[in-house]
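The next block holds one structure in the form of structure tokens; read it before the comments.
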Amino acid sequence: MGSLQYGVSVYSYVNDYGSVMTLEDAFDHIADTGATGIEILGEGQVEGYPEPSSAWLDQWFALVDRYKLEPTNFCAWVDTRITLTRNLTIAEGAAELARDLRLAHRLGFKFLRPKFGVTSHELDPDPQWQAYVERNLDLAHQLGIIICPEIHAPTPIKHRVTQGYIDFIERTGTRNFGLMIDTGIFQDRPLTHWGSHQINDEMREHMAFLNGIKVPPEQFLDIAQYVVFIQAKFHDIDDTLEDLNIPWRPVIAAIKRSGYSGYLSSEYEGLRSPWRAIDQVRRQQVLLRKLEREYDLGLLA
Amino acid sequence: MGSLQYGVSVYSYVNDYGSVMTLEDAFDHIADTGATGIEILGEGQVEGYPEPSSAWLDQWFALVDRYKLEPTNFCAWVDTRITLTRNLTIAEGAAELARDLRLAHRLGFKFLRPKFGVTSHELDPDPQWQAYVERNLDLAHQLGIIICPEIHAPTPIKHRVTQGYIDFIERTGTRNFGLMIDTGIFQDRPLTHWGSHQINDEMREHMAFLNGIKVPPEQFLDIAQYVVFIQAKFHDIDDTLEDLNIPWRPVIAAIKRSGYSGYLSSEYEGLRSPWRAIDQVRRQQVLLRKLEREYDLGLLA
Amino acid sequence: MLEHQLIQSTGFRNIGPVGARTGFAVRIRIPNYHGTRLSQLDGFTVTVDGEVYGFEQNRLGIRDEVYVLAEMREETTARWGLLEWGEILVDKPGGLEPGIHKVEVLARIRYSYFPPDVHVFPMHEARLATLCVA
Amino acid sequence: MLEHQLIQSTGFRNIGPVGARTGFAVRIRIPNYHGTRLSQLDGFTVTVDGEVYGFEQNRLGIRDEVYVLAEMREETTARWGLLEWGEILVDKPGGLEPGIHKVEVLARIRYSYFPPDVHVFPMHEARLATLCVA
């Protein structure tokens, strides 16, 4: 039976990062959870992005080595609306993606999540995304990186955006493009906080996804063959190790049933109260591994 | 008319220091208040104390230079009860003091506050203190440092401990020993917090000084000739710039009337809530300078 | 290290020559969860004690450069790193009085992955901050 | 950087070989406002989920050294710097179960400038902490 791999995204610590935590601290916090993978925001953790100094690169490799963490996914953005008056051309967008692929590879990453601009309230990606990616498939192949856009609430699994990515995989036959699932799509109970703010009625009205879009976990099986990475989004795990928003038992059961054996990368996005994320990530790592063990023992259905 | 000098003790930021703040950050916070002096805890800010590395020394001098802060007072401790079973000998205590004097001098400090062990509930210093200091008076003179024990609540001005230090000055005729006044002795209203804890009745009972020992500010005039440094101890300055514990108007009036023209070094000791000290120190710097201006204009009596 | 909150305590200061201040600065950490190309920032409105200083006039100081809004909007190369602070530079002849002020910042960030009609995201924070030197 | 509180989240871990754990460690920042000679520390009592592990048995790990109480009491040269963490090493065959535990630390610091009969100052903190790996 395949077993899952566990990582942590440094995004989990945002707001704390640079405020109560350095890059080395993030490595330390992550390694001590028992996770083996580290995910970063490229324009975030990479000082001097997109051209880090050699001193920074030395530090990066020293940390990877010292804390024995494998670089997993490198989050990138394509700033489609580059200025108020003009958008990136295809050549420019493809060049940005190529630059990030090279940087991610240099740092040892195996996955790159591009965040494309969107054109609608349904969050359809700018149609240029296909050209950006297609022009980089050979490069991604050479570098051994899989480009994986994120299926993120409010976009569900059964949606033309997800289908568009699958169609692209089918059409090109590439092995260097796949889906990343953000487990926030399975959220089935409302959030109480967003960033450092308590959610009020007005916010709830404008951002209905805060209540959860409740994708049925078994739908994961329908797309699992395309999924290359999972961001284990969560917001609040209580003192009894219960997640208050994400139904992990059926989610882990579906993921395990699918045969997925890639990373679950903790992505905390709850209350941004200083230091809170550190222990929340620890709780999630314990919870997820406990559920995997229960599944393996046949206790999880 | 002499004017006061303003500094900040890094002790103000304790708990934050090393947690949300580096040494360089402390320099930045202090310099931006308009203060010109920095006070440190020797065994605290000096990494590798008592033998900092040359890299640390380079950093220290670079910071002093970059932020244009003058090293003022170096806080030191004499660990009289060196182990559970024996006390420091006179030779050992004198050697510890000599080592700190040399280190303080190397870093550019002009004052050194030794904290001696005590022998009683009245906080009488271990009588060996005189020998520690006397053996170091020549060294202090060579280094241009004034050794200044702290008159700190619950010890008031009119007390045999204070008088003992004055007698020593009179007896030796030294100019390298003087008094440091901690303005906590003037506190005339109760504290609400101690460290990160709200004060309860039990704490108040055991530590009566939390309510303030209320030394009359005009007593400062009686000892001013011996005072070489002032730690401007405070705990809480409210949103209208009123100090809730220390009666700064009569305190500043007395200090100014005495002709004292040395440092007032902010020493925040209120609620240890993260980042709170940074703005509290800013408030105190504004308040103290405003009161000095009012005194100079004849508005403070 | 930066303070957790957007508006920093340190760096709230008058600018210009002492005695002839031209305005004031508010130091902030980046109003985003990742580093950002300057062209993705669309200015900062500052309010002090109720008086509004509009984003059209305010400048951004970062590292050793100062950008007016039009320059920021077209600056597609220079970036604001996650660990760096910037300061909003506000014109106000004479500067502000030393003391405690109510300071508000409304930062306007553009996200290409938000729908086009709402892609300028306003991030607002308010606090009391102390300006030390006249 | 260290967490603000005494007991750190990271570093709460089992020790000894996997499958044959000998105990656990609790990482703490220095329970003092300044760096401290080890001889000024008089041990650390740890309580986990109500079970008490006395200061007489627990060890202190700092940098690459481990001290039993008797060694710590006599160690007048080595110091614990303000920016360093230490860990309290506690014997418990099998270690602790992964999960959330109530952890308490009572650190005993000696201050020569406190009256002799009360010069051991107890600093107590409690929190929930998560141990991750069996």
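Labels for the chains are A, B, C and D, by order of writing; each one numbers its residues from 1.
Methods note: a contact is a pair of C-beta atoms (placed from the backbone, for glycine too) under 8 Å apart; a residue touches a chain by one contact, two chains touch by 3 or more.
Just so you know, these numbers come straight off a predicted model, no measurement behind them.
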item: Chain pair showing more contacts of the two, B-D and A-D; value: B-D
item: Chain located farthest away, centre of subunit B as origin (C-alpha); value: A
item: Centroid distance [mean C-alpha coordinates] between subunit B and subunit A, Å; value: 50
item: Gap in Å, rounded to a whole number, between the CA centres of subunit D and subunit C; value: 43
item: Subunit B-subunit D separation of Cα centroids, rounded to whole Å; value: 30
item: Centre distance in Å when subunit A and subunit D are each reduced to the mean of their C-alpha atoms; value: 36
item: Where subunit A touches two or more other chains, by residue; value: 19-20, 274
item: Residue numbers of subunit C (touch at least two other chains); value: 1, 3-4
item: Contact graph of the chains (line, ring, star, complete, other); value: other
item: Each pair of chains that touches, named by its two labels; value: A-B, A-C, A-D, B-C, B-D
item: Residue ranges of subunit D touching subunit A (in the complex, touch as defined); value: 1, 3-5, 9-11, 13, 98-100, 128-133
item: Complex interface listing, subunit B residues touching subunit C; value: 20-22, 25, 28-29, 32-34, 239-241, 274-275, 278-279, 282-283, 285-286, 289-290
item: Residue ranges of subunit A in contact with subunit B within the complex; value: 19-20, 274
item: Residues of subunit B defined as touching subunit D within the complex; value: 11, 14-20, 41, 43-45, 47-49, 75, 77-84, 115-121, 123, 126, 272, 274
item: Subunit D to subunit B touching residues, read off their complex; value: 1-4, 29, 33-37, 39-40, 42, 73-74, 76, 79, 81-83, 110, 112-116, 119
